[in-house]
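What follows is a set of structures to go through.
Look for subunit A in each of the two complexes below; its partner is subunit B in the first and subunit C in the second.
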Partner chain A sequence: MPKITLDNDTFEFEGRPKLLQFCLESGVDLPHFCYHPSMSAPANCRQCLVEVGMPQINRETGQPNLDESGQPIIQYMPKLQTSCSMDVADGMVVKSHRSSELVKRAQKDNLEFLLINHPLDCPICDQAGHCPLQNQTYKHGPEGSRFEFRKVGKPKHIDLGPNVVLDGERCINCTRCIRFTREISKSNQLTIIERGVKNYPMTPPGVEFDEPYSMNVIDICPVGALTSKDARFRARIWEMSKTASISTVNAKGSNCYYWVKDNKIVQITPRTNMDVNEYWLADEDRLDYHKFNDNRPTGPSISGAQVSWEAAYKAASDCLSGVDGSRILFLGSATATVEDNYLLTKLAAKVGASTPMYLAHRKEGHGDNWLRTDDRTPNAQGCERLGMKVADVAALKARISNGEVDVLHVLEDDVVASGVCTAAELAGVKVVLHYYNTTNETLSAADVAIPAAMAVETVGTVVNEQGHAQRLRPAKAIADVNRTLSMEIGKCRADRHGTPFDKWYEEANLINCQPGWVSLPGIASGLGLELNYKGPRQIIEELSSSNDAFAGLSYEGMGELGVRLSEQGVTA
Partner chain B sequence: MEAKKTKAGDWRSYQRVLLPPVKDLHKLDVYEKHDGYKALREVVTTDKWDPTSVTNEVKKSGLKGRGGAGFPTGLKWSFMPPVNPEIPRFLCCNGDESEPGTFKDRQLMEYNPHLVLEGMLIASYAMSIKTAFLYIRGEFADWITLMEEELEKAYAKGYVGKNIMGSDFSCDIVIHKGAGAYICGEESSLMNSLEGKRAYPRVKPPFPAQKGVWGYPTTINNVETLACAPLIINRGGEWFSKIGAPSHPGPVLYGISGHVNRPGVYEYPTGMLITDLIDEVAGGMRGGKKMKALIPGGSSTPILRADMIDGVTMDADSLREAGSMMGTSGMLIMDEDVDIISWLRRITHFYHHESCGQCTPCREGTGWLENIVTRIDEGKGNVRDLDLLLDLCTQMEGRTVCALADAAAWPVRYTITRFREEFETRCLKEMAPSGGVLETA
Partner chain C sequence: MGDFIKHPVVDMPERMPAPAIEADKLVFTDDEKKQMKTWVSRYPTADGAIMRGLWLAQEKFGFLPPEVIQLVANEIGIPYANAYGVATFYTQYFKEKKGKHVLDICTCFSCQLCGGYDMLHYIEEKLGVHKGETTKDGLFTIQEAECLGACGSAPMLQITNGPFVHNLNKEKVDALLDALKEDKIPAFTSVTLPQDEDEMGGNRRSDVSSIESYSVRPVSETLS
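Moving on, here comes the complex of A and B:
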């Protein structure tokens, strides 16, 4: 196998990886700005310079020349090379900053250059704290500046489009954003204008940076030049906790981080998963988070009056008991997890009702074969795999208006807003409703209203359009959960490093709701059905052995990146 | 010290070939009367030549590129991959002449445009290229018009286009106007500019011969380099290789500017003594002044002090020994009255203005250099600034995609190292009000 030597350590490699990528994967933390693994390497930031040598080859024998100790003589290239643009080759010897003073000096010099015209406004910059320029300056940069002149002035706070704001002065001209619009999203909405030290990225005249993936440039910007119009100035990075989870805006199941401050979702950023969304996240996935914070319920209610959870469960099971199963209509939800829908099917079976159906939420023509889909729910695949079918809205409407339904049990959906019936038409029907927001239009017709935990508050599984099963993790606490004890909720820096005396965390904004895997067993026990699971993990264990479509599925198997399900469970 | 010896032989009786003394040579009929398109006719219509033999003849001639880097032309041509009829290949003639002190290609395009066109066609034949671009800098508006007119006439006569002179060789020439950026003269940014992209230099490898314009095999040559091709075909590579300095042969256009009596473009063999060029060709120093400094090949080649040019000839080897480079042989001569600091200020301003801004060291470094040199020029400098300048040069040299950072750093480095006293005096004047002399305690 071909070999390469990095700072006296020898590594084997396959194929022709780029040297920088290979170094990063081999634990050599080479500083870099312009390189991104998904895009072309223009080698323009000049930060990843290394010394590169190859064995000196004897022209006659074709073999490497050896020195006195029998080692091949290494011939170094006369100039430092950018590792991002260089292919790894057999026998290559590379010296990084760990072993070469020259490289160390070059990295320091380059950072000095980058900083001379970079505004030192870190204290008010959103990127501070997770800024590659800041981090690398701390690690490799000069201690002071020898620059004694006025910095170059460039336009600031320019709205490039509806979601992205540019600060030209902070830009270090890495052209990652330009290459994103050119090579990844192919919108070509950004380019570099001006020349030399006045360069900055801009849209062409008359063009707005309004592509549906525009906010990705914020994540790949190695400085604070491109910031989110929505999230900027809202929270410092160290004040937020981040939790690795799944976006639920569409059926793609893009991997994301939910950033939380004071029990409110503040920002959503992409999480790399090469099988699903690669490095990217659509703007719609990022911006649709207000539903998690606003118009949330304050606890369970019976006919609009607040009651205890026990009373609500009792009322709900009373609604379901003693009614002919054929006159009870169960509606599952493509927004709820596989686990919750599964419990609902068990509940339906217990009272003799037919398998729950679910309402489709589709926006035809919205999908783009990338990260946006026509389906506006995250888990329609999961419902299908549980044997649930899409409800025919017209047929449901007819059943309700013909008085064929006595009890309607809706899991985390809104039948009125979906056009199944009006609230008035439900007057004669007993409605048990699990709901997320007080804007739910069915709420006024609900006899028992049970607040449900949303995707950012629960544990569960969703299956995306391609059959990729992935785990939701709770990003924020609900009233019943102690966030410091819940191991899955992400930690912020104060969580990890704060003292008990730091008053850094707000216990406000805790929503009084319950995930389906808590509330459905609560209702079921009133009907004599004991759904005694320790948690959703155990539900999936049961499901994987009882349902072929989920065969082999487990929480451990899904991990952070999920698994692909075939017709018959987990693919090899 | 080695004796003053020219390598140009009997240069006083040299017969000009690139810019022969023929009236109205730019007109096609005059050009035709003086063996115009004869070389092309021979190459495309007779069996004597095939693409390989043309390339070999150029190799034999020892022609080195006249655009600044001095790369052997025949070798460059042979880098083109084997012909694949599915894949187009291109020739670019680099007429983006913008180096301060260089103005020879303009002269060629004005007085002998068809020689350039013929050279492009011969090069295209040698590399089986069907489309050749002539990239001319935008500021040369008049010369662009002239070249366009002459190209049209050549098309009308069947020298360019389909089945040239009845042969089965077809080649189009496209004239492309630059939009006024020094960086477009760098071959890879020239290609980007030609493609309609921002003129950022490309990372090499891949080299143009593998991946050039639009990703296809491309060769890029300077105007003067290509103009040598018809001469080599007409008179043979051997004839060419015997002109001037053996290691760097051929006729060359010396663009002499500055404080001499007769500045201008002069055609002579390579290997001319610099002193001959100044004293005899250019008529000596203006006003009988003493020479202070000389830049042999455009502003980015290292500056030489007057005492460094004794016995130095204009060819790569001799100039390297003397501590400079041949570059474009655009010689800038400065007399004793020149304020070298002020001159350097102007040069650093040029490179600051022309840096494309792609790579960090050049984008940030060129401006910083100008800032410091300006401060020194204004008398507000400090001696430690000189070391900072040299430090910045080290931080820029060889650390960018293209050579502009080197081109920007060298004038600073060599002007300071070769005229350090002058800089120190200017700085000390400010530091010590006593008038330039540091008082000792």
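Moving on, here comes the complex of A and C:
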């Protein structure tokens, strides 16, 4: 196998990777700003410079020339090379900043050039704390500036589009955003305008940067030039905890990080998963987080009056007991996890009702075969695999208006807003409702209303449109959960490095709600059905052995990136 | 560039400007379209033809407002943003309306030392406008240019991205402006360097008959 030497360590490689990518994968942390693995390499930031040499070959014999000690003589290229645009070759010898003073010097000097016109905005810049330019300057940069002239002033806080704000001065013209719109999203809405010291990225006149994936440029911007209009100035990076989870806005199941401050979701950013969303996240996934924070319930209630959890469970099981199973209608939810829907099917079977159905939430024509889908729910495929079918709204409407339903048990959905019936039509029906937000229109007709934990507060599995099963992790705490004891909840810097006295966050905004895998067993026990699971992990264990569609599925197997499910369970 | 060093602030172009050219005039003729297609076919990708396309449009419309750049981009078949980036990169593409004759007076090192600024200021005074401005009659725009590559015949100027006028002095400027007012644009002139004067009758170029001799100008008034 071909070999390459990086700073005296020899590595084997396959194919023709780019040198920078190979170094990063081999643990050599070469600095870079303009290179991005999914896009072309323009080699314009000049940070990834390395010394590159090849063995000197004797032209007559075709063999490498050897020095006195019998080692091949290495012929270095006369100038430093940009590793991002260089193909790895057999026998190549590379010296990075770890072993070459020349490379170190080049990085430092190039940084000095980049910083000439870069403003000292760091204390108010949203990128500070996770800024490649800042990190690189701290690690390898010059001590001070030797530039004695006024820095160039460029347009600041320009709204490029509805979601992205430009600060032209901070830009180092790496052109990552330009290449994103040219090569990835293909909207071609950005370009570098002007030249030399005056250039910066901009939309051409008459064009707004309003494509549905515009906010990805914020993540790939290596400085704070492009920031989120929604999230800017709301929280510093070190004040937030981040949790690796799944976006639930559509059926793509894009991997994301939920950023939480004071138990409120502040921001959603993409998480790399090459099987699902690669490096990207649609704007709709990022901006639809206010539902997690606002209009949340304060606790369970019976006919509008607040009660204890025990009383609510008791009331719900009373609703379900003593009624003929055929007159009870269970509605699952494509928004709820596989685990919760599974428990609902067990509950329905216990009272003799037919298998729960679920309401489809589709917006035809919205999908684009990339990260946005027609389906506006994250788990329709999970419901299908549990044997649940999409509810026929007209048939349901008829059943309810004909008085064929005595009890309606709705898991984390809104029948009134979905057009199944009006709140008035539910007057004669006992309604048990698991709900997320107080804006739920079915709430006024609910006899027992049970606040449910949302995707950012629960543990569970969702299956995306392609059958990719992935795990939700709790990003923020709810009333019963201690976030420092819950291992799943992401940590912020104070959690990791602070003393017990460094409480930078408040234990406020705790929502009094319960995940379905807590509330459904609570209701079931009143009906004599003991669903004694330690947690969703155990539910999935049971499901993987009892349901072929989930065969082989486990929390360990899903890990952070999920697994692909076929009809016969986990595919190899 | 002088002002930019003292006051280095980059202005932003207007983002939603009103169109400067009426919609019904904003079309290429069939000949022009055919010409663009020929250019496109000469390059591996259509991007290659954008500069010639913009050049054609500037000759047709006089300058390149955004709607013209968009028209060219559509005609060539490349994204508007790419074409706009190219158009703003080059100073010789005029993004706003200029006078009939654009005088690019070189004030880069060689011309500066030989009196480039003297010529610039003389023209400014004579026409009554500052650099970057257009005279009221719409005849002249004065611009300060960086090196145009004719240091041997400094100071010099260029007329509307076209012919150079070499070895400037005040009399020459007067004569030039008078000629331009009558729409007489000077012909291309070859400058013969001293070492070539003995050869080939002093004209090494067979394609032009107009020759000017190299001469060393007096140094700039402000330096002497």
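In this section, the second predicted complex is superposed on the first by the 571 of 572 C-alpha atoms of A that agree within 3 Å, B and C clash if a C-alpha of one lies under 4 Å from a C-alpha of the other, contacts with A are read in each partner's own complex, and residues count from 1 in each chain.
One rule holds in what follows: a contact is a pair of C-beta atoms (placed from the backbone, for glycine too) under 8 Å apart; a residue touches a chain by one contact, two chains touch by 3 or more.
Keep in mind the model is a prediction, meaning the values are calculated, not measured.
K.L.:
Should subunit B and subunit C be called a clash or a fit once both complexes are overlaid on subunit A?
P.N.:
Aligned on subunit A, subunit C clashes with subunit B.
K.L.:
When the two structures are overlaid on chain A, which partner does A:T191 contact: first (subunit B), second (subunit C), both, or neither?
P.N.:
Once the two structures are laid over each other on A, A:T191 reaches both partners.
K.L.:
For A:N173, using the defined touch cut-off, is the partner it touches subunit B, subunit C, both, or neither? Pick first, second, both or neither.
P.N.:
first
K.L.:
Between subunit B (first) and subunit C (second), which, if any, makes contact with A:G153: first, second, both or neither?
P.N.:
It touches subunit C, and subunit B stays clear.
K.L.:
Should A:Q381 be classified as contacting the first partner (subunit B), the second (subunit C), both, or neither?
P.N.:
neither
K.L.:
Tell me the contact category for A:T181 with respect to subunit B and subunit C: first, second, both or neither.
P.N.:
A:T181 sits against subunit C, while subunit B stays out of touch.
K.L.:
Which partner does A:M202 reach: the first (subunit B), the second (subunit C), both, or neither?
P.N.:
Second partner only, subunit C.
K.L.:
So, does A:S85 touch the first partner subunit B, the second partner subunit C, both, or neither?
P.N.:
first
K.L.:
Once the structures are superposed on A, label A:A106 by its partner contacts, choosing first (subunit B), second (subunit C), both or neither.
P.N.:
Only subunit B; A:A106 stays clear of subunit C.
K.L.:
Given the touch rule stated above, what does A:S301 touch, subunit B (first), subunit C (second), both, or neither?
P.N.:
It touches nothing on subunit B or subunit C.
K.L.:
From the options 40-48, 58-66 or 130-138, pick the one stretch of subunit C whose C-alpha atoms clash with subunit B.
P.N.:
Given the superposition on chain A, subunit C and subunit B clash at 40-48.
K.L.:
Mind sorting out which residues of subunit A both subunit B and subunit C touch, each in its own complex?
P.N.:
Common interface on subunit A, subunit B vs subunit C: 149, 152, 191-192, 194-195, 197-198.
K.L.:
Within the complex, which stretch of subunit A touches subunit B?
P.N.:
By the definition above, subunit A touches subunit B via 41-47, 49, 78-80, 82, 85, 106, 109-110, 112-114, 116-117, 146-147, 149, 152, 172-173, 191-192, 194-199.
K.L.:
Residues of subunit C touching subunit A in their complex?
P.N.:
Residues in contact with subunit A: 5, 7-17, 66-67, 69-70, 79-85, 88-90.
K.L.:
Using the touch definition up top, name the residues of subunit B that touch subunit A in the complex.
P.N.:
Counting only subunit B, the residues touching subunit A are 181, 198, 200, 203, 352-361, 363-368, 371, 388, 394-395, 398-401.
K.L.:
Touching subunit C in the complex: which residues of subunit A?
P.N.:
Per the touch definition, subunit A meets subunit C at residues 149-155, 158, 168, 181-182, 188-195, 197-198, 200, 202-207.
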